[in-house]
Amino acid sequence: MLNPYEPYPVRIDEIITETEDRVLKTFKFVFLNPEDEEKFSYKAGQFAELSVTGQGEIPIGIASSPTEKGFIKFTVNKTGKVTNYLHQMKEGDIMGVRGPLGNSYPWETLEGKNVVIIGGGFAFTTLRSSIVHMLANRDKFKEIHVIYGARSPGLLLYREELMAWEAEGDIKMHITVDATDDPDWKYNVGFVPTITEEKAPPADDDTYAIVCGPPVMIRFTQPVLDNLGYAHDHIINSLEKRMKCGIGICGRCNIGDQFVCKDGPVFTLEQLNSMPGE
Amino acid sequence: MLGYAEKIKEIAKGLLKDEKVEMIIGFREGSDPMKKEPCLIKNPEDVESLVWDSTCCMNLANYLTNRTEKIGVLAKGCDSRNINTHIIENKIGREQLYIIGVPCTGMIDRIKVAGKIVEEVIEVTDNGEHVVIKGAKQEETVERRELLQENCRTCTHRNPVIYDELVADPVEEQKDVSKYEDVERIEAMSGEERWQYFDELLSPCIRCYACRNACPLCYCPECFVDESRPQWVGKSNDSTDTKVFHLLRAFHCAGRCTDCGSCEQACPMDIKVRMLTKKLNKDCFDMYGWETGLTPDQRPPLDTFKPDDKEDFIK
Amino acid sequence: MKVIKIDQKDWDEGLGKLYDEFRLFGPVKNGDIHQFQPLTKGELPDLNFSNTRLSVKSAVYPQSQVMFEYNLDEKQEGHHIMKPASFDYPARALLGVRPCDAAGFLIAKKNFDNPDYRDPYWCESYEKTTLVGLACDSPSTNCFCTSVELGPYSEQGLDVLLVAVDGGFQAKVITEKGEALVTKAGWDKNGDEKVIEHQREKAEKRVNSAIETDKLAEKSSKDLFDAPFWEDMAFACLNCGTCTYSCPTCWCFDIQDENQEDQGIRMRNWDSCMSPLFTLEGSGHNPRPLKFHRVRQRFMHKLKYYLDKYEDGIMCVGCGRCINLCPVNIDIRKISSKMNNYQP
C-alpha cells in the first residue's frame, strides 16, 4: 500500500542565501532515487512537506517550476524549530520531501488569459514557479504582469531573475520597494497596493489576479482590485496554515469544511468569502 | 451551604445594577447532577441562573487569570487562597475584584457518590447533614461527611481568607485534622516501592492535561510540556514522559497549591494527582511553616528567601 | 445474516479457541473503571459494564504510533532516510464493543480511508479487526444514540452483535468476518431472532435523551460561526483534551520526530483542537488564539462541517462520554440545540 506519509529521500544540492537579512535561503534538492522525480510530478502553486529527519516536517510552497528538470527548489523563511535547523544544514546533507501536496493555481482556467501576479515579501515562491512555468509556455498566455515588492532592494527574492525578466520584456515587470537610499535604484518605489493601482491592467473577463503576500499587503491590495473592477472569482489567493499531514487527514488546517492542505491552498476570493471567517 | 444561592443572587444583582462590577463569575446548573458549570454573567436579569451547592467544586480563581475587567467572583476558602496567589503573582489586581466569600462545608466527591449505589446517579440532594443519592430505582441516604472530597475532608481553611462580603456567617473550621497521613505512608516506602507506586498512580494518564488546565496555578502562556525549542518532554503516552509531566508540574506548584482538588475532580481517569502536590505542600509546611495564599502580600517560599531559611538541603 | 445462540459454557470455550487465531481485546475492570485491553490467554472480558471509560478507538488507532524509523549516523547506510515502521498487524477481535463505539469507526473511516488518500496505519489495523458488539440493555442518562440514527442494538460497523440473555447470548452474525470468527469459535447453535427483536424494542425505549440536529443542514456555516452564543457556551471550558481523547469519533493527530542519540522515530500522537498549539503557526500567528475559537471549532466540526462534507449525519455516535467526563459540564446536546435553533 502506498504510504502517503513517506517522504522521498533527497540530497541538498545547493543552498542560496536570498536576502541580506539572511533569514531566507533557497534549497535546491536532488532526488536520491531518480525515478522519484517522475513520481513527484507537480504544478505551480502546490507545496510539499520538507522532512528534516529528526526534527520534523514543514509545509513549504514549491519555488521551482515543473518546467525545470533535475531538481526541485524551495525558499524557506527561518522561523520555527525545523526551519532553524534546516538553515544550518549543508550542501550534501540528506533529508526528505513529501508531496506534491494541495491544489495548484488554476492553470486550465488561466490558459489563454491575461495574468496579473501581485506578490510581496517572501510569499513569492510559488509565484516564481508560476512565472517560470508561464515563460516556458509563453504562447499559451496573453499579457502577463508581475507586481512584486519588498521592504528594500536587499529583501527581494530571486533578484537576478527579476532583473532578467524585466530586461527580456516577455512579461511586464513592476518591481518595487517600500523605500531605498540606493541612488542607482531604477525600479519603482512605493507599496505594492499603490503600484498595483498604477500598473495593473483594467479588469475584464479575461484577466485574473494572483495575490500572495503578507496579510497587510493583501488587506490594502484588495480594495485596489475592487476599484479596478476585478470580480472576486478572478482574484486568486494562496493561504498558509499550520499543517502536519498535508493530505487533509490530521484535522488542523480547516476553514469550515475545507482543508487548506488538501482542498487549498489556492482559493478564489469568491470561495473564501463563502467560508467562515477564520 | 443550603440557602446560599438566594443570597448570592441578591449580592450579584446589586453589584451589577450599581455597576460596581462588569461581570460576575459563579456557577450555573448543568446537565450533570454532580457538576455545576462555571459561568460569567453580565446582565442583572441573568443572575437568576446562579446556583450554589456542594458540587461547585471547580476553582473559580482559574477564570480570573489576566482578566482586565472589574469582576465579582464567588470564592470558597480554597478559591480565595488562590485569588491571593493570583494577586501576588500579578495575574489579577485586588482592586479589580469584588470577592463574594462563600464559607464552605466541603464539596462532595463525584466518585464517592457514584460508588454508593449500583445504578447510575441521576439526582443528588444535599440537606446539610445527609446527602440523598438517587438512581432510577435505588435511593441511598449517606452522611455528608462520608462523601466529602479528600481535600475537603482535611481542609482547615473553609472560610475565605480574603473577601469583600460573605454570603453567610463563617463556618466552624475543622481542627486537629491529620492532613498528611497518606503522604506519610508514601514517604515511609523504600525508593523502589515508591517508584512502583508512582508508576501505578500515573499509568492510566492519557495526557489530556485536564489536571493542569483545571489548576489556577497553571497559567503559563506556554507550559513546559508544550515547548518545542527546546523540547523538554516527549509528546507520546510514554510512561517516562508522562511521569516527567506530573512530577514537574507538581514541583511548579510547590508552595502555591491550596489543595483545592480541582485537578483530581477534572481527571477523566480518576487519577489521584493530589498525591504529588500534597507532598510538596507538606514539605513547604515542614520547612517554612508555609500555608499557601493566606495573605495577598507574602510571597511563596520558593520564590523568595529569608536569612533564617533552613539550608540543610544543601549538602 | 444468521442468528446463533451461545451458551455461557460455549462462550468461555469458544474464546479459548479464538486465542490461537486472534489477538483478543475486551473490557477489563481497573479500579472503578472499565477499559479496553488486550486479554491474556484464559482471561475473559468483563462484560458487566455500562461502557468503557474511554472509547475503543485506541485499539485501531493508538494514542501514540510509530510511523517511521531512521538513523542519524552518517557512517551508516541509509542514514536520514525514513523507513516505514513495520506494522504487521495480527488479526484481532474486539469483544464487547458497544454499538455506539463500533459506529465511531465508520465515521473515522471516512477520514482515514477517503477517495484521495488511504492512511495505511489506520486502514490496515481496521481491516485486521473483527468487531464483536454487545447490545446495550441499560443505556445511561447521557446516551443519545437513537437520535443519531443508531441505537442500543445498532449493527453498524459490527461483524457480530451479541445480545445478553439468561445463560449466555443470542447473536447476529453480520459480516463474513463475523462468520469466520464464530466458525473458529465453534459457535453454531441456532438462535432466535425474535428474542433479539423483543429485547431491542425494550432497550430502544430506555434511551431517553436526544440531540437536536434536524435543522443543522439548512443553516449556513458562516452564520453559525458568527453566532453570538459561543463565548457564553465556551466560558467554562478548560481547554483540556478530555472530550476529544474520550470521543470515539475524534481523529486529529500530530506528527513528531523523537530522537535517542543517533536513532529516531517519526510518530503520531492524538492531538486535540482544544489545545492552542494545534493551530499555532511557526511565525507565532494563531488563527484560533482564544478559547471560544477552539470550542467553536470542535462543535462546528462535529455538528456542521462534517455534516456538510459527507452529508451523512453528524460526527457523533451519542455515547455521552464527553458529557460524562467534561470537568465543567459542557454538553454537546445543549450546544447542538443552540445551533439547531439559531436564527441570525
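By written order: A, B and C. Residues from 1 in each chain.
We adopt the following convention: a contact is a pair of C-beta atoms (placed from the backbone, for glycine too) under 8 Å apart; a residue touches a chain by one contact, two chains touch by 3 or more.
Every value quoted in this text rests on a predicted model; they were computed, and no experiment measured them.
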item	value
Chain connectivity with subunit B absent, coordinates unchanged	one piece
Identity of the chain that, by mean CA position, is farthest from subunit B	A
Computed distance of Cα centres, subunit B from subunit A, in Å	50
Length of the line joining the C-alpha centres of subunit B and subunit C, rounded to whole Å	32
Distance between the centres, which are taken as Cα means, of subunit C and subunit A, whole angstrom	39
Junction residues of subunit C - those touching two or more other chains	254, 256
Multi-partner residues of subunit B (at least 2 other chains)	none
Residues of subunit A whose C-beta touches two or more other chains	80
Residue ranges of subunit C touching subunit B (in the complex, touch as defined)	30-33, 35, 50, 53-54, 63-64, 140-142, 232, 235-236, 238-242, 244-246, 254, 256, 258, 267, 269, 272, 275, 277, 323-331, 333-334
Subunit B - residues contacting subunit A, complex	228-229, 231
Complex contact set, residues of subunit A against subunit B	80-81, 84
Complex interface listing, subunit A residues touching subunit C	1-7, 9, 32, 51, 53-58, 79-80, 82-83, 93-96, 240-242, 244-245, 247-254, 256-257, 262, 274-278
Residue numbers on subunit B that touch subunit C, as the complex places them	30-32, 35-40, 58, 62-63, 111, 114-115, 120, 122, 204, 206-210, 212-214, 226, 234-238, 262, 265-266, 268-270
